[in-house]
Amino acid sequence: MVTLLEVKDVYSGYGKIEVLHGVSIHIAPREIVCIIGPNGSGKSTLLKTIVGLIKPKKGSIRFFGSEISGKDPEEKVRMGISYIPQGRNIFPTLTVMENLEMGGTPLGDPSRIEMAIREIFERYPILNKRKKMKAGSLSGGEKQVLALARASMIKPKLILLDEPSLGLAPKVIDEMYRQINSINQEGATFLIVEQNARKALRLAHRAYVLDLGLNRLEDTGEGLLNNEEVKHLYLGR
Amino acid sequence: MIETRGLSKSFGGIQAVSNCTFALKDHAITGLIGPNGSGKTTLFNLITGFIPPDRGEIYFKGKRIDGLLPHEVAIGGIVRTFQITRVLPRMTVMENMLIAPPRQTGEKFRSLWFNPKTIRKEERENRKKALELIDLVGLSHLKDQFAQNLSYGQQKLLELARGLMANPSMILLDEPTAGINPIMIRTIMELITKMKEWGMVFFIIEHNMDVIIELCGWIFVLDNGEKIAEGRPKEIQNNPRVIEAYLGI
Amino acid sequence: MDLFLHLWVMIFIYTIFAMSLNLEMGYTGLFNFGHVAFFGIGAYVSALLTLHQVPFEFALVAALLAAGLLGFLLSIPSLRLRGDTFGIATLGFGEIIRMVFQNEVWLTKGPMGLPGIPKPVLFSYRFATLPQYLLLTLGFSVLTFLVLRIIIRSPLGRAFKAVREDEVAAVALGKNIFHFRIKSFVIGSVLAGLAGTLWGHYTTFISPGDFTLLETILVLLIVVLGGKGTELGPLVGAVVLIFFQESLRFLRLPAEWSRYLAPLQQMIFGSLLIFLMIYRPEGLLREKGAGR
Amino acid sequence: MTFLLQSIFNGLLAGCIYALFAMGLTLIYGVLNFVNFAHGELIMWGAYFLYLFMESPLGLPLPIALIPALCLTILLGLSMDRFAFKPLRQANRLTLLITALGLSFFLRNGAQLFWGAELRTYGFEIKRGWKIFNISITTNQIAIILTTLVCIAVVYLLLHRSRIGKSMRAVSDNLELARVAGINTRRTIRFAWIMSSSLACIGGILLALDTNLQPGMGMINLVKAFAAILLGGVGNIWGALLGGIVIGFAENLGVLIISTGYKDAIAFGIMVLLLLLKPPILYGSQD
Amino acid sequence: MKKIFYVLFTLLGVSLILAPVAKAQDTYKIGAAIALSGSIAVYGEGFKKAIDLATEEINGKGGAKGKKIEILYEDNKSTPKDCVTAVRKLITVDKVPVIIGPAASSNFMAAAPVAQESKVVMLSAQGAAPALTKAGEYIFRVFPSDVLQGKGISDLCLQLKYMEVPIMYVNNDWGLGLKNVFVENFKKAGGKVTDEIPYDEKKTDYRTELIRATKGNPKAVVNLTYIVEGSVMFKQAYEMGINTQWICGSAAKAPKLVELAGKAVEGIIGTYPVFSQETKDYQAFRSLWMKKYGDAKIPIFGEYNYDMVHLIARAIDQGGYTSDGIRKALFEVAKGYRGVTGDKTFDQDRGVGSEYGVWTVKDGQIIDYKK
């Protein structure tokens, strides 16, 4: 199997505090991979380490076979890794249009950015309607759409998603996952971190369980959903 | 317990809550659901006095409370928690608990010098109660830790225990299970149930329908600042308007 | 050894001054950059009264009341302002107060200053010599320390800390944060007034030039260096800073150098603040409670 | 009458200077979210750098000396960021304010160390100003007003039309998100410092041309610039201009009524009044 | 916690060791708490030159009472607080019986009680405030009081028939004190003060103040200014095209002012305490200065400092190296002593008198004003 991203034995954390104590995952192209685990298990830290907001202390991260663990997020975005952080994931005082422009920064050429925006507007007409509005005044669902749109401006190969369903209404969550699915159909790979994992697991091709900064389990999404131990320890009931 | 009449609030032309009239009956746990931006948190802010309403009235136990300052509302018996936890980070878990009881004698400058005995007695009692509650939420081994060193879930538990420590007649919980892993959600739900048995009254905003359905005796649904439905969990789950606006298929 | 007694007198006065700021800044989170104004008010009120033959006991009480009252008035903006804006507004206030000292000549003699401030007489005991004055300042420091300790360890002090940590949470628990802010500010102002009074009667001469931003920076540095939000921090900070400042006098350097020495020393103060913020923001002593 | 007009003109002049300072301050405030109290010292050093190149032994003429002076000021601004503020990117605003206060103290005394506390001038021959409507106006003063207007226009266009300007606003909104959106945040922050330092240098030189050089020249004007920002609205470029001019007017006209001893109190007074009249931010959290 | 206290104790110990151990006295030490840094360091540098010159001369002639004299400089940083510390250090650590006091009156007045209390003689060579020597019998001044100068300016205005003048003054002890004396005298003589404009030191912009002062185009404006403030102010007045007769005090009479403000100060006039520059003593002083410093730029008040050191040396010679000896001897040695600045006989308030002259600036030179 070809690997798109390979994280091998990564140690990482904030300052003196180590959160990840040797985590390894791998993702094949066009996969949706989900990571679940309790609070403080290091899921978000893993995403931040992959995207480069935190530099790993040890271990290797390979993207298309080349080592990227020392690189800055700016570079990684240019290589095709998009990241949507948890919660605050848009620029509230910039307009919708400007948000998208910012997302397109790595494209460089203004005409390419313009084209990308046009495509985005076709896909999400709601954003076109709101393009002059400050992003901060959008509704929760619209913000989430904008975040996704911003991240897909560069047609990324890999999208890292941190808790996309946090604080969202069930309907919006459903919509969100439909979007993820359709973007995936078009060729993008997803790595999703989720707390309330049932929906994500149903969608995911494969999934990992992380606990206390270590790999616990790895299986297909379905497999984990039906794993008694996982049910008991991580999904509740 | 709580009753609102024609409650309205808008921010910069956007109607966050419009003409909301409802009454919380004597159900121990009432839920409040609705899409993002439907005005749930604004409603909480209005009830607790954090934001003054543009129009409308709020009653608590028959007494009018709109126009009161938030700390007055809190002293009146309504304590709330927040969507994102608000523990006092550089204070210990114990201190976080001890801050909660309202109107402590020791908070008055004069009593420090003229009433030290009363203060000591109060402190002793509060400490005892705090220990019990910390124990209840399973944080007793962390009582001398700074709250900032707790995990997110533990902070949520602390916030809940602190709310109880204030000895309110009612607690408003804003998304008590958001960002918490399912196991911890269980713990919190059990806790809420236990407190219900002790006679505490809750009003909960929550997106996790499993939690809402299991806990609540009555549910209100908001959409675009308006109440679109209320009823028992079963009725709400099957209400077409609610499905259309919120639950989805 | 008189010089050392003198330095210790200065240390105790600055300890009181720093303790008062520590209550506001370290415990309540009110960044008061105009704190020197209250120091000045204390010094001026007590000096003016004793110069008009009012007994020291009354003058002291009046000075504390005046500082407290002014503190109350100035704490009102703190109802609206937060953090850094509050800091800059108080800085402005401090300057305005200094301008009042400078310009209200009929009252303060303006830039001429007030010479000949009598030594304090407490209950007909006159604190005239250095050791006596040292005793007086030591006594007041201990008193201030104990008063603050009682406050800080009481539910009131806990409420101050809650205001510092998270106002919204404090309000949701029924704390009237405005009351606590005002209380902290007023207590801090009164104690700064005490420090000012002691200082005025010690030097026996005060003028507006004594109450500039430089003093605020010095006391801010003492608090930050000692460790804000700690009980002993102000003392430690004052000892270190004043000994450092004065030890330079004992390096027998050519007189021509001193033109460079003073700015150099103040550059060191400035960089000390920066270094502390970057490498040890908690100061020499650490706030109690298990850190990670 | 003449005398009133002259006061108004002087107010306008002072206002332009305050506005230039306010813009530099608001730029950094916008991007990094703190009040750079040491901006005043950047202004002062800017003016002194020019002095350095114009005095013996170099004795360069003003237009040539301007270039190295500007470069050095920018360098100073960048190293301020590198050594004092960069290690504190995650810190809260108060930590940064104390740092800035320390930095301001450090730099002010540094200037005193090199040049002493006394006043200095660039040593131009003094000339009588022109009389227009009985108001005396000097060439320098015209230059001040024109430069201010040009600077404001440039900064405005840069912020709202150019990509780097939009990036600056994005960084100001959310630094981490800006990084993962592929914005080169380091370059953006550097750019903000370059702009802010340039404005400081230009403002400082203009101020010194019109008046004199003195190590404390930045500090006192900075507090007024801060008042101008609060008056005009934080992050608002045109607001900075308007606020600056209002403060300038108030000072120059106010002194006609009250004692000149309180000249500096006027700006403080306005600031405090303003902060009091503004709708209270009752329960907003700081960060 | 413990570590910190160790550090503190070490600090204490080090500072104790650093404190100079009392050595056998091979010189007579004289303390000098002058401003070597801070806002008035500009003046302090000049004083130091004059003091050094006198010291060298005295020691060249064998010193005082068989020993050389030595000046111990202590920086007072131009602030009252540090003046107190500096004087206290000179008294307690260096144990000097006589101190050359700080320059600005407010600084001097902060330090004077310390000297008086410790019974150490302190002298001022430039403090002009009337209340200066009130601290006690150990406090002397060799500079004439402002009472005389204030009257001098008032007389000058009357003489030139300026009956209505506004007065600007630098808002510090010197400016305010002098202003008060002037206003009192001027009013008594029938003059009218139209406006009083205090201004802060060390500002870069005085236009606002100037506009207010020249409101209504007065024929003359009294401006009690220092060198730097004066240079800024006159330049800006010149640029603004203000035409009025400026009348200043003694503090502005300095070549530095002309150097800084150029043609803007052409024609300003002012008063100053006069002493003849034609005497043999003055010529000798001037040539000594030229020899040592290579120019004739004698700083303001330099002559008074020079005289003061000579007086102190003579007092030591006669009364011995104790403060009481010096105090008593000062009266005797000064009686009829004519240094470069004229008669230094102390009155009962331990001050000296003087006459006042008028100076003006013409063609970039400070010269005596003749009507």
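Labels A, B, C, D and E are assigned to the chains in the order they are written; within every chain, residues are numbered from 1.
The criterion applied here is as follows: contacts are C-beta pairs under 8 Å (C-beta built on N, C-alpha and C of every residue); 3 or more make two chains touch, one makes a residue touch a chain.
Nothing here was measured: the structure is a model prediction, and the numbers come from that model.
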Via touching chains, chain B connects to chain E in a minimum step count of 2
In contact with chain B and chain D alike are the chains A, C
Chain pair with the higher count of C-beta pairs in contact (D-E, C-D): C-D
Greatest Cα-centre separation from chain C belongs to chain A
Centroid spacing, where centroids are CA-atom means, of chain A and chain D in whole angstrom: 42
Taking the mean of the C-alpha atoms as each chain's centre, how many Å separate chain A from chain C? 52
If you average the CA atoms of chain A and of chain B, how many Å lie between those two points? 32
Overlap residues in chain D, where contacts from two or more other chains coincide: 116, 259, 261, 264, 283
Among chain E residues, those touching two or more other chains are 38, 41, 171, 198
Sequence positions of chain B contacting 2 or more other chains: 50, 70
Could you list, by residue number, the parts of chain C that touch chain E in their complex? 1-3, 6, 10, 102-103, 105, 110-113, 115-116, 203-207, 209-210, 236, 239-240, 243-244, 246-247, 249-252, 255-256, 258-263, 284-285
Residue set of chain E touching chain D in the complex reads 38-39, 41-42, 171, 197-200, 202-205, 207-209, 211-212, 214-215, 228, 231-232, 235-236, 238-241, 260-264
So, in the complex, the side of chain E touching chain C is made of residues 1, 4, 7-8, 11-12, 14-15, 18-20, 36-38, 41, 45, 48, 73-75, 77, 79-81, 84-86, 88-89, 91-93, 105-106, 109-110, 112-113, 129, 131, 134-135, 171-173, 175-177, 198
Residue ranges of chain D in contact with chain E within the complex: 3, 6-7, 10, 14, 116-119, 121, 125-129, 131, 136, 138, 207-208, 210-214, 216-217, 220, 251-252, 255-256, 259-261, 263-264
Counting only contacts in the complex, chain B reaches chain A at residues 12, 14, 33-38, 83, 151-153, 175, 178-186, 207-209, 245-249
